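In what follows, structures are represented as structure tokens.
There are two complexes below, and they share chain A, which is joined by chain B in the first and by chain C in the second.
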Partner chain A sequence: MLRDAWLIAQKDLRIEIRSRIITNQIAPYTLLILVLFGFALDADIETLRDTGPGLFWVSILLVAILAIQRAVDIENSDSAQDRLLLSPVSSFSIYIGKTLGLFLQLLLLEVLMMIAMIALFDSSVDDFLLVSATGVIATIAIASTGTLYGVLATGLGVRETLLPILLLPVLAPVVIGATRAFGDAFGRVNADGWAWVGLLSVVAVLYTLLGMLAYGQLLEEA
Partner chain B sequence: MQNVRNPNLTSSKGTRFMGFLLLVGVPTLVLFAFFLTPEDDNMEDAVRLLYIHVPMAIFAYVAVITTGIGSIFYLWKKSRWWDTVAHASAEIGLIFCGLVLVTGSIWGRPTWNTWWEWGDVRLVTTLVLFLMLLGYLALRQVPANPDLRAKRASVVGIIVAINIPIVNRSVEWWENSTLHQQSSLTDGKLEDLTLFTLFLGLILAGVCYLWLMTHRFRVGWLQTEIENEGAIGVLQERIAEGTASSTETIIKEDGEGEVR
Partner chain C sequence: MTPVIDLQNSMVLLGRFPALTDLTMLASKGEIIIVKGPNGAGKSTLLRLCAGLLPMKQGTGSVLGFDLTTERMSVRPHVGLLGHKTGLYADLTVEENMGFWAQISNASSADKRSAMDLLGLKGRLESVCVRNLSEGQRRRVSLATLVVQRPSIWLLDEPHAALDKEGKELVDSLIIEASKAGATVLIASHEIDKVGLNQKRIIEIAGGSVVSDTGESHGKENNVT
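Our next item is the complex of A and B:
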């Protein structure tokens, strides 16, 4: 089952590597968001350092919406989804595979964005382990929810506008938790970052379980 | 459910009774809240909003939980009845949520000296809930196959209901403080007339929720029936067209001018 999931993830990643949309379009978009935040906040380096964790996760959410829509488009083009459903792969494996593919893409974008943020905002990381744990767990939550909501908004003709309004409020706890944990890791706020990682873990597990339960039924009708 | 068959009427004895209760109860509540109860030592006249704000908040959450329950039962039983319950309750929950935010802001201005306080757990939780309900209802408005839409809305409805404690917990940790009053019902500060007025507000909000819910449910049920009958009607038309065209073909082939 997990081997099938890995095959699905590999398929998605291979398509992304070949199309280069992530590297040529979405990654520059992430950088652009950070630069625009710099302009909007009047290039005050202290303000940018203080707000950096929040700006980082808001940017990731905006980028995640693009990545989710890409992941759905891959299956919609050339009736690829019908062939996927005809293949002897369970919907559980498809969900895990799609989530894994999205997770790895988002993680790559987060690494690029982190480097850009450290360079542009002159930020320093106090607790690298906390940053890594927060990044991984928050991204699992975003990817699992995004994969479920991606298929949920498919086939209705209004996916581009419906997906953000459905997804963003649900991910509000992830933004709050990840921002606080990053704030602690960057030494900008006095908070217990690891407690936030605990909350993020609960959210990630819960959303992944919900996705596993609902994805199969929704996929067959999408 | 008798009157549901009449497309011009969603009322019944029960809804008329609830409507009468509200007609008498709301002016009574206004009388008690604005004239008969004393002002608070700290909140002064702003306390009068509490008689509307607190009951609305409680029933906004009741409405969302009902949506969650309706969604679970729809996925389990595949019954449009439960889907209609979930949809109706979400719409009323959105109205109650909006009223809670508006009355909360009006109350917060003189009490906290601000229209909005990001550090308050319940305020931010209610706002996120309001946004999630907007998303849920946006999905419900999308023109699609009714069963497909109901199934997807049910998944979102369950997630919205599950999210309430998560958002609440995260916002509570986020600021680790709240300006919000402790529960007015449990802290024991309310007495006599004030407590009576608050309970009157609670009862009326409950009746209002049930009244709106019954009417909205019946409108939703009528919509469901129209959708079903509409689909059957179209099918019957197509069958009739198909029969007519095959009859014409037979007439042409035979050239006899008789319908066989």
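Our next item is the complex of A and C:
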């Protein structure tokens, strides 16, 4: 089961490396968002540092939508999804594989964006462990929810337009928790970052369990 | 002998549209059946029903002994479906696509090499991205992924489309070999003259129902309502 999931994740990552959409299109888009936020908030460096964590996670959500649509398109463009359904692979393995592939792509984008944010906003990290834990757990929540909602929106037949409307409200708790935890890790807000990481962990576990339960049925409908 | 495919008064809805209505057919092990009919007759829907990809709204049906109402997911790993689309990943090479589908189907590396050899995919084409292949070459790769899977039922939707003469002959020989090995083959085609198989049964469907069945190799068991 896990072997099949890893095969699917590996395949998705190989496709992304080959197509270079993440590196040539989505990553520059991510950087562009940060630069534009910088322009929009003027050159007030303190404002940028204060709002940096929030800008970071809003930007990640925007690029996550692109990555999720891309992950869905990989299976749908030439009906590979039907082939997967006909294979001995369980829908659980497909879900875990697609989520893992998306998770690793988003994590890479987050690292790039973090470097850019530190460079552009001249920010400094007070608690690197808190940043890492928040990044990993929030990304699990985003990837697991994104994989589920990607296939849900496909079933409804209006993926490009409906996906953000369906997904963003569900991920609001993740953005709030991750922003607070990052704010603490960057020393910009007086909050207990680890408590927010605890909340994020609960959300990530719940969303992943929900995905495992619902994905198979939604894949059938898609 | 228990039929491999047994559909009785089957009805399939696509949305609210009845794509198959009151369709009855039997198919036995090793049989080659051409399903012909005009566009929109329900040929592709019939193949997808037999693959366990579509639910049956009315009637009864079983494939390989699995009830299509309650066990259609169990049918799937035993079936190979070549649809209008190839089911390949455009950004992967021929070798990578073959490797992925072979591993997913639990086939050995030797099986993969043999399927690639059979379909003429070894050598120059191995390292070419599927997106850079011609339509006919993609069709060959897709067929190779079916060969490596060794299904008990082959469901081929217009398998000769986009293939040259050599490719069509190759497909015909693959079908005959599969049939000799005991696989049942259903071929949907609206251009029956392109199918060069001699020993074949022809079922004609129109408006989602069977309108005629030559039943050549099936005898009385094969009569269609």
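We take it that the second predicted complex is superposed on the first by the 219 of 222 C-alpha atoms of A that agree within 3 Å, B and C clash if a C-alpha of one lies under 4 Å from a C-alpha of the other, contacts with A are read in each partner's own complex, and residues count from 1 in each chain.
Here is the rule we use: a contact is a pair of C-beta atoms (placed from the backbone, for glycine too) under 8 Å apart; a residue touches a chain by one contact, two chains touch by 3 or more.
Note that the structure is a prediction, hence the values are computed from the model and not measured.
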item: Partner chain in contact with A:Leu210 - chain B first, chain C second, else both or neither; value: first
item: First, second, both or neither for A:Ile74, with chain B first and chain C second; value: second
item: Of chain C and chain B, partner touching more chain A residues; value: B
item: First, second, both or neither for A:Val111, with chain B first and chain C second; value: neither
item: Which of chain B and chain C A:Leu86 touches, first, second, both or neither; value: second
item: Which superposed partner A:Leu2 touches (first chain B, second chain C, both, neither); value: neither
item: Intersection of chain A interface sets (partners chain B, chain C); value: none
item: Residues of chain C touching chain A in the complex; value: 51-53, 76-77, 79-81, 83-92, 96, 100-101, 103-106, 129, 145
item: Residues of chain B that touch chain A when the two form their complex; value: 75, 128, 131-132, 134-136, 138-139, 142-144, 148-149, 151-152, 155-156, 158-160, 162-163, 166-167, 169-171, 173-174
item: Residues of chain A that touch chain B when the two form their complex; value: 148, 152-153, 155-158, 162, 165-166, 168-170, 172-173, 176-177, 180, 195-196, 199, 202-203, 206, 210, 214, 217-218, 221
item: Contact set on chain A toward chain C in their complex; value: 4, 7, 11, 14-15, 18-19, 74, 77-80, 82-89
